[in-house]
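Read from first to last, the chains carry the letters A, B, C and D; within each, the first residue is number 1.
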Amino acid sequence: MRRFGAVAAVGAGLVVLALAVARHPAGAASDGATVTGKVKLVGKAPANPAIDMGEEPKCKGKYTTGPVDPAVLAKNGMLANVFVYVKTGLPADAKYPAPSTPVEIDQNGCLYHPRVFGIMVGQGLSIKNSDGVLHNIKALGKKNRPFNISQPTNMVTQRPGFTVTEVMLPFECNVHGWMHAFAGVQPHPFFATTGEDGSFALKGLPPGTYTIEAWHEKFGVQTATVTVKAGETKASDFTFTAK
Amino acid sequence: MTTVAAASHTAHAHHDDRSFIKKYIFSTDHKIIGIQFLFLSLFFLLVGGFLAMQIRWQLGFPGKPMPGGSLLPETMAPGGVILPEYYIQLVTMHGTFMVFFAIMLLLVGVYANFLIPLKIGAHDMAFPRINMASFWSAFAAGGVMLASMYVPEGAARAGWTMYAPLSAREDLSGAALGQQLWSVSIILFGLSSVLGSLNYITTVINNRAPGMTWFRMPLSIWALFITAILGLLAVPVLAGAAIMLLFEQVLGTHFFDPAAGGQVLLWQHLFWFFGHPEVYILILPAMGIASDLIANGSRKPIFGYHSMVFAICGIAFLGWIVWGHHMFVSGMNPTLGSSFMVSTLLIAVPSAIKVFNWMGTMWRGNLRFHVPMLHGVGFVAMFTIGGLSGIFMAATPVDMFIHDTYFIVAHIHYVLFGGSLFAIFGAIVYWFPKMFGRMMNEGWGKVHFWLTMLFYNMTFFPMHNLGMAGHMRRLYDPNIYDFLKPLQPLNTFISISAFLLFGSQIIFFVNFWWSMFKGKKAPLNPWEDNGLEWTLPSPAPHGNWETPPTVYRGPYEFSVPGMSEDYLPQTKKLPTDREPAMTPAHGH
Amino acid sequence: MTQAMADAMRPPFPAERGLDVYNKKLGMWIFLASEVMFFGALIGSYVILRFGAAGDWAKPGVVLNIKITAFNTFLLICSSVSMVKAYAAIQDGYPDKLRFWLLMTILGGACFVGIQVFEYIHLVEHGFVPSGVREGSELAEMVAAGSLPAATMGLYGSTFFTMTGFHGFHVTCGVLSMLYLYVTKALPGKYTAQDFAGIEVVGLYWHFVDLVWIILFTIVYLV
Amino acid sequence: MAWWLPAQASTFAGSIDKGFLAILIITGITFVLVEVGLIVFVIRYRARPGRKAHYTHGSTPAEVIWTAIPAVTMVILGIASNGLWVKIKGRSSVPAGAYTIGVHAKQFEWWFTYPGPDGKLGRVKQSLIDKTSNPTGLDPDDPASKDDIVVRNQLHVPTGHPVVLYLSAEDVIHSFYVPQFRVRQDAVPGLEIRVWFEATVPGNYELGCSMLCGMGHYKMRAQVFAHTQADFDTWAADRAAKAKGEGTS
């Protein structure tokens, strides 16, 4: 019954997606505006705590140097793993279909990859265990229903994803208490996570004025307001301060 | 509905003019209710066994895809490989189904209902409609419990003992609805149990046939009567605890939440205050039934009838003051542990009386090895092992080592399977003719008994060794531990034995169904027994007796010197018998 | 209870002399024994939690309105008295008096439940809920101000609503069964001085529920 | 002997095993008596044509005997066991001068706090727990906590010296179990429970959770290292130096 439900849901999703694609021809996206930027970190980045993986040789073997908990990834003053997303400003009646491809999250070396990621409401989530040891994946949604599942060995689990907007939805593993990941659940596709160079790009925005928020797990949030015209590309940088 | 209407027309043709629904569905006849309970509990016995097979697959062949496991949804067993969260659901539901819905219903649902009025000479229970309500609330409870396995996150997963806070907090267990449904089901079950118990107690006290004095009652009735008192007083405590647990899950109360001042051990105290009498609810009726079967099979009066009765009462009384022996290492005050140890060890005394008296009954008997007798003797042999292994856990220092290991798993299965279930199989075969008017097949019954005996011991005896080696309970994959790795061959052996044991039960179920329709027609008294029920036709009619029977003696007068037959029915009036004093009949 | 009456209310079937109490009454006594265990579990847990708790318990009368509940208690005791009156009336063979007193009992019980529902609504409005104190409510301010102990309010809410709620449920069941007997038996005048088993049995239950309330009122409201 | 009792590696392991064997002998005798008796009866008294069972309702002397013997045995067993129980678990059983280790159990990890050079465990508060930076909730305001060493899933104990553990649980009930030490104690949320033992044989052992604590219960394993006193002191000094080095850098 539940399987049938899942099949039906996927089927319905595909139909909706097909309709949506048909209604918004690919050309429409090229009119979209883009907001790009860089996220900087001022001050001395706190040291990431070392992780004692001694009890998990399969994970420890994947590291040449002692593994650390990559809570703050800053290189040359640029901050990675910042979730940047359009908080307000999109037309109230706009509907954005979720992509049919799921977001993939991998547990490798007893850490989550990616650690910070965006996912659309209704988008599937594919959870992979590449370690071959037990991980449990506990999603502590406050607005979304929490879930708590386990993967005893190398495997991939498909989850239906989330139903409402939530920033951020933390993931944790209780077998390895250091493992954390954060999902930004958004009703639209205008979000990005900064890379190692601290850069992000929100593409395909309709013209308008937006409040854009940047979130970091240690340094909190920053917001900015950006107005874009059709086809325009604007820069909006964020700066976090390490205390 | 047309078939029902048609059936009711045919029913009108007989003198019994109840409609089909009144006769077989919403029946108030204790025998039909007993049979309804029998079907219900045998169904749950199968379900529980089926869950056990999945547990054994994972332990015997950890991480291997289970045959047919790919039929299970991804959230339970992707690709047929059982997931840890499904494994703990299996463990939880196996225990819950077996304890509450299989063994307990088989004893106090089926045989209390079926036997009490028949054996004491009453025309029905004291409250037939309450009796019906008891069945249907048990049915609802079972339905809810079964349904809980099909909700999105699966069934409850905190073990059948449902220790808070794991059971109370969805973020820690990973299941919300399944856990809540467990609580709901147990509350309904508690209602059913109380309704049943008050019926049994009232009936035994007030509705005995003339001459059926207290000490002429069969031991099965004594055991069921004492069990009903235990159930009446213990199960409401469980219901109260389950209500608190449900409120914890749904309303966010803080009974078991230490962060808000609640007490974690409160659940354990409440649960085991119920749970230990519950253990005796599960074994006392089996002891009573086994006494009947052994006396009949030995063709001898039961050895020490009065001490058997007092032993039942003694076990029941001690059952109230031993609950702490489940909590020796729980953080309870160790001085309490000492007193609970003493009371627990004392239970060995009435248990020993019973075992030796059964042997005394067989001594110099003329043993007839019909299938019920085989099961009766099997019960004594296996219950002895279960009772003796209990002494290890009663001794607190030893318990500290073997608590929560497979030793306790072995112990509980020797008592509940080797004990209760053997007696139940015997009882089913023994009273089958009175239920369905036909005999179960004797040959296949013996095959079933011997195969069960063999595979049962192969399955559960090695578990003692697992426990002694330190194998903890409820481990999804023991090979995580280096010191448990050498035990894998033993685990695999146990699993194969368990599959064979489960397979042997198919013989029983086929025999049961086949005999119900095609079995040999049963005579009035196929086992040549003295009980009142054997004076009735097979199957026993609605209302039991046209005129109530009069009882002249106890139920175990076998091989009385000077009699031509080796049995002497309770209703047979000898010239020396006096008519009993009784409360006269009151006009309609 | 005379012997003749006990026999009159027995099933029409000769039997070994049991307890000389007719089945329904015996059944009710046995049922009440299980109820004792049920309430014993709830009340026992309350005692363990309250006296095992690290912090103080909220002072009586701060959260709960004692006056209105005292009136409610009085009402329930009165309904027990009217139950006795109803029982005495039919024992003496006055079906019309039975109808009056039974109706009074039903009204008393119904008022009790009504007032309790009113009390619950009032408490929840003020922020007293089964999980403790609702955030942002009047009581939450009192907790913040220190006039209520923050540490034990959760337990207070849990135990209060569980115990009084289940008592209220029992009263409701009692009112409904009395109403059933009133409509199906008392009104058509089916009770006589020889046969009044239903009244006696429901009366037993009613006195038990009353007794439980007196205990609950004492330990929950007054102590 | 993997199918028998594990090796003995604590001071009271021998006594517990003796208790186990004593019960095994008592129950073994009873077991043989009953089962052999049953088999003999089954063969000897099987129904044969023309035979009639012996008519008796029992024998009071026999029943008195088989009531009295178990009663006396059980009382003796109870008294003997209780002495050992009080020695192991009694309120005042913890030997003076025992080495203190804090054990914090959570889904599904063990965290051990060693007192460091000052020999004192720091105060812990449930509210201070942070999964990455402070897994056991050590209170930084307590001077005794400054030099405490917190280690995940590794219990190091000296041999020949009693060790007392302060067990706490963060979320659900867990159970501390080292089979070779014959020691088991539940860790209960909201309670701090003391349990002591004295390891005798240096070596590596395993600590398991023996109370179902959730889906990762089976994986809640920690290693136990029983060192000689000298090795243990070296290890402790080494860890303390390392912790100090980290703190100052």
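Simple rule for what comes next: contacts are C-beta pairs under 8 Å (C-beta built on N, C-alpha and C of every residue); 3 or more make two chains touch, one makes a residue touch a chain.
Every value quoted in this text rests on a predicted model; they were computed, and no experiment measured them.
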Response to the item:
Note: chains that touch subunit A and subunit D both are B
Fill in: Two chains joined by the most C-beta pairs in contact, as defined above
B-D
Fill in: Geometric centre distance via CA averages, subunit D-subunit C, whole Å
47
Practice prompt. Just give me the whole-number Å value for how far the CA centre of subunit B lies from that of subunit C.
Written response: 34
Worksheet item: Could you state the distance in Å from the CA-based centre of subunit A to that of subunit C?
Response: 56
Discussion item. What's the distance between the Cα centroids of subunit B and subunit D, rounded to whole Å?
Written reply: 33
Worksheet item: By residue number and range, which residues of subunit B touch two or more other chains?
Response: 83-85, 173-174, 262-263, 476-477
Item to complete: Specify, in ascending order, the residues of subunit D that touch 2 or more different other chains.
Response: 107, 214-216, 218-219, 221
Fill in: Chains touching one another, given as label pairs in label order
A-B, A-D, B-C, B-D
Item to complete: Would you pull the subunit B residues touching subunit D in the complex into a rising list?
Response: 83-85, 88, 91, 157-159, 163, 165-166, 169, 172-174, 258-259, 262-265, 298-305, 307, 329-331, 333-335, 337-338, 341-342, 345-346, 348-349, 352-353, 355-357, 359-360, 362-369, 377, 380-381, 384-385, 388-389, 391-392, 395-398, 400-405, 462, 465-466, 468-470, 472-478, 480-483, 486-487, 490, 558-561, 566
Practice prompt. Report the residues of subunit B in contact with subunit A in the complex, numbered from low to high.
Written response: 63, 73-75, 78-79, 81, 83-85, 150, 152-153, 170-171, 173-174, 476-477
Item to complete: Over in the complex, which subunit A residues touch subunit B? Could you list them?
Response: 1-3, 134, 136, 138, 140, 146-153, 155, 157-158
Worksheet entry | Residue ranges of subunit D touching subunit A (in the complex, touch as defined) | 106-109, 131-133, 135, 151-154, 214-216, 218-219, 221-223
Item to complete: In the complex, go through subunit B and note every residue touching subunit C.
Response: 122-123, 126-127, 130, 194, 197-199, 201-202, 205-213, 232-237, 239-241, 243-244, 247, 251-255, 257, 260-263, 266, 269-270, 273, 548, 580-588
